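In the two assemblies presented below, subunit A is common to both, partnered first by subunit B and then by subunit C.
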Partner chain A sequence: MTTQSRLVPYLYIAPLLLLLAFVFGYPLVRIFEFSFKMVRGIDGPWIGLRNYQLVLGQDLFWESVLHNLQLLLAIPAMVVISLIVSVLLYERVAGWRLYRIIVFVPFVLAIPIIAVVMKRMFQFSGPVNEVLRWLSLDFLALDWIGSSDVALWTVMILIVWRESALGIILFLARLLSLDESMIEAAKIEGANWWQRLRYIILPQMRGVIEFFVVVSVITMLAAVFAYVFVMGGGRGGPGTATMVVELYIFNALIRTSLPGIASAASVLLFLVSVLLIFPLFRARRRVRKLEA
Partner chain B sequence: MDITRKLNVSRRDIIRTSMMIGAGSAFGGMLPRGAHAQEKTLDMWWWGEQELPGLQKFVDGSIAGYKDATVKAMLQDTAVVISQFQTAAAAGNAPDIQYLWNGIYHMESVWLGYLRGLNSLIKPDILKASNPTQLSHFGGDIYRVGWYPLPMFWCYNKDLFEKAGLDPEAPPKTWDELLAACEKLKSAGIEPIGGGIQDGYWSEWYISHGLVQNLDTLGEAVQLFIGDKDFREPKYHEHWVKLEELKNKGYLNQDMSSLELYPGIDLVVAGKLAIGQTVGTRLPADSKATNGRIGYMVMPVFGKGKLAGMPIVDVQGLGISSNAEDPAAAAAFLEYLQSPERLKAFWDATGWLPSNTTFDSSVIQDPSVRGMWEAWGLKPNISNVTNLVPGQFYERAAIPTGQQIVQGAITGEQAGELAATVAKEWKEFNPDMVENYRKWATDLSAPT
Partner chain C sequence: MRKQPLSGLAGTALKQGVLLLAAFFALVPTLFMILTALKSDEEYAIDKLGFPDSPVIENFRAVLVDSPFLAWMANSVLLVIGAVLLSTIVSGLAAYAIACMEFKGRETLLALSTSLMAVPPVVMIVPLFVLYTQLGLISTYQGTILIYAGLITPFSVYLLTTFFRTVPKELFESARIDGAGPFLILIKIVLPLSLPAIVTLVVVNSLYVWNDLLIAIIFLQDDAKRTLVAGISVFQGRYNNQVPLTMAGMVIASAPMLILYIVFQKHFIRGLMAGAIK
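Let's turn to the complex of A and B:
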């Protein structure tokens, strides 16, 4: 092969590479650059690591990180719910077609839409508390979105409800690709529902579960903005009870006119996300391998 | 009104806007010379239809009727009012005329050199009558013409006052009178006071009404927000202590923490809450909905500052950018908007008042609205102190303090400590802005 012919394929993909470099690479470089500057308007003087010092020294940033980490607690619940529902759908319980539509709906609807609806539901005088009071369960009628002690958990309920739909879609797709003869054989051998799940189905779903867990970790750390923005009154409230790193960045950039601070926090979040992408790729490889 | 805080504009929006302006210019250039209505062309970026329906009609009518220049108006998205202007100004492409929220929301552009002073451009009597407010003064110049006012006050439901045995025409004037009224309302089974604080704006408005009670000048507020004065001093956090008192006595509505600002005000209109905070633009509709049973008052007085008990009027405005090629032409258009004929057209199009003390208020039919305008707009008033708040203080202290006091998570004194901490933190994050704020504080402390 001549040098010229070796270069040809690269020339074919060069336009796309250039486009990608412009769309993703340029902003990334600018964000890294801004994180070392005190930006006012569209540029500013170089200040070294000062932005990082300020971000890492601010209680609010660490509080935001803590809230992101707290949201990780939702993942086991999401996995369990997704597994149970997908297996039930796979086993075609009575009315499974209707149930399938119902459980997929949250994922089809935009987050702001369901968050606005949930917010109304969870108001102190909203339908959820009205039902609880009607059932004489007044002690459970909490100030779901108005109390700092409860608000993040309420956001978590919403996240679990919606993100589990993704888990159900993924798990069901995997279930539908399983070799049914193995499950049938187990049934004939007398294995009950739990035994079939535990010893036949789950081992074959390990890859997709890992994939879902890694995606969910990334979601909890870097993609919950829409949830907290709507549920937390646009400010991570009440107080700072639902503040997360994304909202911290948004506030620094948009509301407090500190692009340098926003960039420094973005770089930190970016680095954490990059670290998480490696296990994601590994999980995807495993899924493909198992499916093959 | 500063319900909206500044958002950033994407490069795509800039390009799109530039393309649209470019395309417009190109098509304009293709027209035969005789087709041009006027030689002068002014670009105007404005906002306000979002909070004052009918403003678009007024702008369109004003442009159509203006003969001295062709005005190309663009209604801005709420999210980009400030950033779109600043980005364009930094690139030298700002419009001739720009809509400007009050206080820091345009003062930052002044400090960046993006706005022209208007003292030498607009006739002094017109400028003064438009009430650009003290918050538009910097370095001896004024940077906005007032466009429309936003009086801020406490509202109350007269029917509920009557039900509780209170005089609906004599709302409480002092803090003790307020507490007595709240007690009577509570005893009558009525939720006395509050609204909705979930989105935080109630917190902001409470500071607007409360903090000023112990201030002698608005410059003192700036000194507080940047940490040159100390929020831990009792008089500077007394308003939060008073809010805590309302909470502890059980006077605040129970669902206050989970409701947003406007649904909270709706409770007063619906007769479910006796007293709340509101803005003037709501009054015509709320008064109509209740057959004039919505009353208004200044926040009952507890403080000893010179600003205590003063009506508050925020004003939205228009300014001229430094990029304007013909600032005199831009100024002439702004003066035209303040002409008696245009002031009347403003009222006809929006059903709301223009910001001009010469406006003939006899056209206002609703006695509540007329009374409010006469008491707030035509008598001595002060501007909204929270328009002086740096964004960082607003987000970290102004909003959370109220929310946390209302839910019982912190005391008024702790709110003062938090505010002092955040003011100190602001200085660390914004060392380059401190001197501008100090200069502004000096301007705002000077007698006008």
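Let's turn to the complex of A and C:
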């Protein structure tokens, strides 16, 4: 009876262990192995650090890394936009229910769909430039998609547009868990809107802002494939202007059939994400404690 | 007493202005897509911004005849249902054990599973692709469903464990005294109480699977098995110069999620807000 009941929990977690071992465990072991092999088809001979030398010696890889790093510049804009909108929604400005439904929309639509739409909007002869010229801002009417100097910035506009919706959702959830009596008390004390925001609301939002920033860093470094794939015509174009590490891995695996090279790049990306797990955990724990 | 510059009329107007602007930007791509889809190529060439003079639905017909949008949609639905169902069952069982039973390695398991949320999916694709090629699982639904289910499961376990821990222990005790086994307690007591958490899970996970491109494009390469999102990425290059036609396709592609969102907005908003911490 006791041995039986001691075994029961393991029956419940067995499917989880199997699933995680297959989808995470197996690949995480194999990328390390593959990264030291010259894989042709399903396996190949050990070649030491050759794959890493190849990847790290390739300009295209470093250009991709640089592009991922440039995307980090979008994060401050996302934080500011999300903060402003979420605070206004929290204040229940007239019509806030409708506004809330609308500003969540970017998060509901699939990224490739929006990328296709935005690509047409930002075409050189498209509606965005038409509006800019109409506003006499001709110098801003750039070749948003076709120019290799501008294309990555256009991708960033799309990323800010969508990821800010996540920020608003997160921040609003945190705001709704705030203790309203403190804000009321401050109102009675005569604190104005700015003072209430600066001294009462923002300090309590620190944890959730930190969480959003860490999540966004992970996104920018390792989860922008869907944005870039459509905007860059599947090839990180024009030229290599929107090439990112994920696309580099994709190309190595699918287009040039070099799983060894793709694995070496995957290992590097994995190590970076491991470094980010610790700040992520700390931030999440703090948010959960505050919201509980 | 201090003056309150932003609580007056000007302050209200400013706040409304900011929210109107945010709402406008959030909706602009959707509006552009719908308005353009109703224009003819000729009209779009002259007027890119305005409302269509004489709305045409020809574009929608052409897209539906030309491209297998409905088949792609059916594929996406199948993947969403398969992956979300599998993940919910697997993580429900495990979360119940983690939250309500004593066993060795319990906290380690939870920490390990939770930390997997931060591992980017792209890291896992190379070995799985090689393995699937070997096993003939490329372009199969079951193979792809398994990957999606795995990728969303760490979040499911995390969310359900957190929620199950809030179920009062007295409920278990009284059920156990009545002779109910652990599985019966899970089905009869824990699950019915956890409906809000499960709604969150279904919303967040369905959006992930429905919207994903990376896995879909790599593991479902057969044209007949494409998901909606992967199909679009193929489709958009084909009609590069026919913007209205492309937009009609995008309207059809975004319609299911938009309609679900509007109809079930309460569940979506609650689900998104509760599930944002992932």
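Here is the rule we go by: the second predicted complex is superposed on the first by the 276 of 292 C-alpha atoms of A that agree within 3 Å, B and C clash if a C-alpha of one lies under 4 Å from a C-alpha of the other, contacts with A are read in each partner's own complex, and residues count from 1 in each chain.
Rule of thumb we're sticking to: contacts are C-beta pairs under 8 Å (C-beta built on N, C-alpha and C of every residue); 3 or more make two chains touch, one makes a residue touch a chain.
Keep in mind the model is a prediction, meaning the values are calculated, not measured.
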For A:251, using the defined touch cut-off, is the partner it touches subunit B, subunit C, both, or neither? Pick first, second, both or neither. first
According to the stated criteria, A:28 is in contact with first (subunit B), second (subunit C), both, or neither; which is it? second
So, does A:145 touch the first partner subunit B, the second partner subunit C, both, or neither? first
With the two complexes superposed on chain A, say which partner A:126 touches: subunit B (first), subunit C (second), both, or neither. both
After superposition on the shared chain, which partner residues are touched by A:109: those of subunit B (first), subunit C (second), both, or neither? second
Given the touch rule stated above, what does A:233 touch, subunit B (first), subunit C (second), both, or neither? both
Partner chain in contact with A:42 - subunit B first, subunit C second, else both or neither: both
Kindly classify A:54 by the partners it touches after superposition: subunit B alone (first), subunit C alone (second), both, or neither? first
For A:269, using the defined touch cut-off, is the partner it touches subunit B, subunit C, both, or neither? Pick first, second, both or neither. second
Which chain, subunit B or subunit C, is in touch with more residues of subunit A? C
Which parts of subunit A are touched by subunit B and by subunit C alike? 41-42, 126, 233-234, 253-254
Tell me, which parts of subunit C touch subunit A in their complex? 1-7, 11-12, 15-16, 18-19, 22-23, 25-30, 32-33, 36, 48-49, 86, 89-91, 93-94, 96-98, 101-103, 106, 109, 112-116, 118-131, 133-134, 146-147, 149-151, 153-154, 157, 162, 182, 207, 210-214, 217-218, 228-229, 232-233, 236-237, 243, 246-247, 250, 253-254, 257-258, 261-262, 265, 268-269, 272-274, 276-278
Per the touch rule, the subunit B residues reaching subunit A in their complex are 5-8, 83, 86-87, 90-91, 108, 112, 197-200, 254-260, 390-392, 394-396, 399-400, 403-404, 407, 409, 425, 428-430, 432
Touching subunit B in the complex, subunit A uses residues 38, 40-42, 54, 58, 60, 122-126, 143-148, 233-235, 237-240, 251, 253-258, 261
Which of the residues in subunit A end up touching subunit C in this complex? 6, 8-10, 12-13, 15-17, 19-20, 22-24, 26-31, 34, 39, 41-42, 81, 84-85, 88-89, 91, 93-96, 98-114, 116-121, 126-127, 130-131, 161, 165-166, 169-170, 172-173, 176, 190-194, 211, 215, 218, 221-223, 225-226, 229-230, 233-234, 246, 249-250, 253-254, 259, 262-263, 266, 269-270, 273, 276-277, 280-281, 284, 287-288
